[in-house]
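What follows are several structures.
Next come two complexes built around subunit A: one with subunit B, the other with subunit C.
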Partner chain A sequence: MSELAEIIKEKLRDGADAFLCLRDCEGTVIPALISAGDEIELDGVQVGSLRYPLEKILARLQERYPDKRFAVLARGCDERAMIELAKLEQLDLDRVVMVGVACSAGEAEACGCDRPYPGEIVLGERAEPAPSRGIIDEVESLTPSERLEWWKEQFSRCIKCYGCRNICPMCFCKECALEDPKLVEPGVIPPESPSFHVIRALDMAGRCIDCGLCEEACPAEIPLRSLYRKMREIMEESLGYRAGESVEEKNPLSFLGSEEDIEKLEQED
Partner chain B sequence: MVENQAAKTAEDDVKILAFLCNWCSYAGADLAGVSRFQYPPNVLDVRVMCTGTISPYFVIKAFQEGIDGVLIAGCHIGDCHYLKGNYMTAKRFGVLREALKFMGLEEGRLRLEWVSAAEGEKYAEVIRSFTEEVKALGPSPLRKRRGVSREAVGS
Partner chain C sequence: MPDKENIYRLVPSTCVYCGTGCGVLLESMDGCLTGVLPQKDHPVSVGSLCIKGWSCHEFVHAPNRLTAPMIRRDGELVETDWETALEAVAEGIDRARGDGGPDAVGFFASARCTNEENYLLQKFARAVVATNNIDHCARL
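So, the complex of A and B:
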């Protein structure tokens, strides 16, 4: 029996009602909810090399079963997402048991991740962070008009599949600005450049936890991750906030704040 | 000669959208008017109850529709009618400006100013300098081929 199967059994014994993980189903890795913990259910469970926003499923599960405790596999990005979702009141961390998975050095490198491990590691070895800025430097070396053209070319491939939003662990709104006919004209492909993507980028400010699933999901290979990563940088530079780092620190865009904060902001300008 | 004229018109015909807060900047603009301070006619005003109600979407939409410059003007910090509404504006603005800059829109096309109800002259001065700045940058690269559409600016 695999190490993960043992852990699942242990967690189910220790008070978790179900375990959310990934399972190999005839060659396809899909999310699975394990509640009985018998041989049949545990067949094929794995950490897997594929990532999936399990926390997004977890938020739905918590909503549906408010009195249950769930255990979940959590990579570094999953943990950041869960912290941020908890701050946005989408997830109750008290009812979550995280089983930390550290990404391998290869995975961290491929992802350009600046924190490829969760706070508490149960499975795997801690790999060194391999932060990358993607295409940010390339874009910043261009003049404004070249930048606009560059992005226009990238966005012109968009088929408006909403894959970036649907896969995003931080997207949960019932009414999405990207589906508002006043902001985004329905039935037009590609969507207006750059407003469609700027709207999403702005909503990602202070939220994006840099998991990179958007870019993996995008069929048009738009460098979305770099775009949202830049928003993360902007948030850090202008408001000193990094999404998903601490449970206590509030997103500065979620409350008005004190006069001192604003004065400091104005002096920096 | 004709070409020159056409070029000149396009450059002079920049459209600026100004979001003015009801309590300070709109009254400031009003004061500029009744005091007969001269300022360029390129501005279209949008009166909002508080600058804190201005969603960044509005600004993006304005630029997408072909507006050449967006001004956000509200009460000075500490003077907000709703106490802290403009704190949110101050925080959002920096993020929005940097995001648009990364997209390739010139920084000068977006401006935030605090103008009180007593600062009619400051309002006129802000509009003068902002119009100059936007004119120097020229028409927005996002402007649709035949200039700003009538519907978009509602005139």
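So, the complex of A and C:
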């Protein structure tokens, strides 16, 4: 039995009601929820080399089964997403059992990830961070008007599939600005440029945990990850905040005023 | 918890909307079709979908979806059972084919059926009725 299968059995024995991982299903490795933990169910479970938004699935499972505890595989990006989702009250970390997975050096390099491991590693070995700015350096060497033209050229390929939003672990709103006919004209492809993509980039402020699933899902190969990475840089430079990195630190966009004032108010309550 | 198979399941399938054949993972929760994810290692679509693919589950539980066959009586569509509906279709095809030959009959398949059902319909058109008059609303 694989190491992961042993871990799943252990977590199910220790109180988790089900375990969300990846599993070989007729030759394709896809997310699967393991709850019985018998040999048939555990056959083919794995960490997988392709990433799916497990935390997005997990948030919905928690909503549907509020009294259940779920265990889940968590790479560095999954952990960041779960931490930020918890701050946004979309996930209850007390009911999550994370099983940390370290990405390989090759995976970290391919992803340009600056933290390719979770806080606690159970599977795999910690690889060195391989931070990349994607195409940001190239774009920043252009003048502002050239830069705008460059992005508009990229956005002109958009087929408005909404894949970037649909796959995004941090997108959970019941009503989406990108579906508001006042902001985005229905039935027009490509969508108005650059507003459609700027709306989404702004919504990623303080949320994007740099998993890059958006860019992987984009059929038009728009360098979305670099766009949101830039937003992440701006958040760090101007507000000193990196989404998903600390459970304690408040998201500066989730309150008005200074953090001290908020704490004072909370104490008065 | 309900039956373990029903809590959460992703089933690999092929998008029905056009001839491209993108890989989708149909998501079910509690036995209900609830969503779609792109299959990341699919040889055709490699983890991308268009908006139709991303929404290809929506019609299944749509409230205005027909759940029983309809037959037109005196200009009005009324609900009927499958036996009556199929009988009417068989009679109609037989009559048209008898009067005008196989090419007097045409078939129109649907993107809202499975690929297998569409395959069967074209097989029926070609091998049974003997016509190539078969089309599909998402032919590309």
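Here is the rule we go by: the second predicted complex is superposed on the first by the 258 of 269 C-alpha atoms of A that agree within 3 Å, B and C clash if a C-alpha of one lies under 4 Å from a C-alpha of the other, contacts with A are read in each partner's own complex, and residues count from 1 in each chain.
One rule holds in what follows: a residue touches a chain if its C-beta (ideal position, glycine included) is under 8 Å from a C-beta of that chain, and two chains touch if they have at least 3 such contacts.
Small disclaimer: the values here were computed from a predicted structure and weren't measured.
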Partner chain in contact with A:E259 - subunit B first, subunit C second, else both or neither: first
Touched partner set for A:C173, first subunit B, second subunit C, both or neither: neither
First (subunit B), second (subunit C), both or neither touched by A:A36: second
Subunit B versus subunit C as contact partner of A:R64, first or second or both or neither: second
First, second, both or neither for A:V188, with subunit B first and subunit C second: neither
Which superposed partner A:S238 touches (first subunit B, second subunit C, both, neither): first
First (subunit B), second (subunit C), both or neither touched by A:I199: first
Contacting residues of subunit A [partner subunit B, same complex]: 139-140, 142, 144-151, 177, 182-183, 192, 194-195, 198-199, 201-202, 205-206, 227, 230-231, 234-235, 237-239, 252-253, 256-257, 259, 261-263, 265-266, 269
For the subunit C and subunit A complex, residues of the former touching the latter: 1, 4, 7-10, 12, 23, 25, 29-30, 37-42, 45, 47-51, 53-54
Partner subunit C, residues of subunit A touching it in the complex: 17-18, 20, 25-26, 28-33, 35-36, 41, 50-52, 57, 60-61, 64-65, 68, 159-163, 166-167, 216-219
List of subunit B residues in touch with subunit A within their complex: 52, 56-57, 60-61, 63-64, 77-78, 84-85, 87-88, 90-92, 94-96, 98-106, 141-142
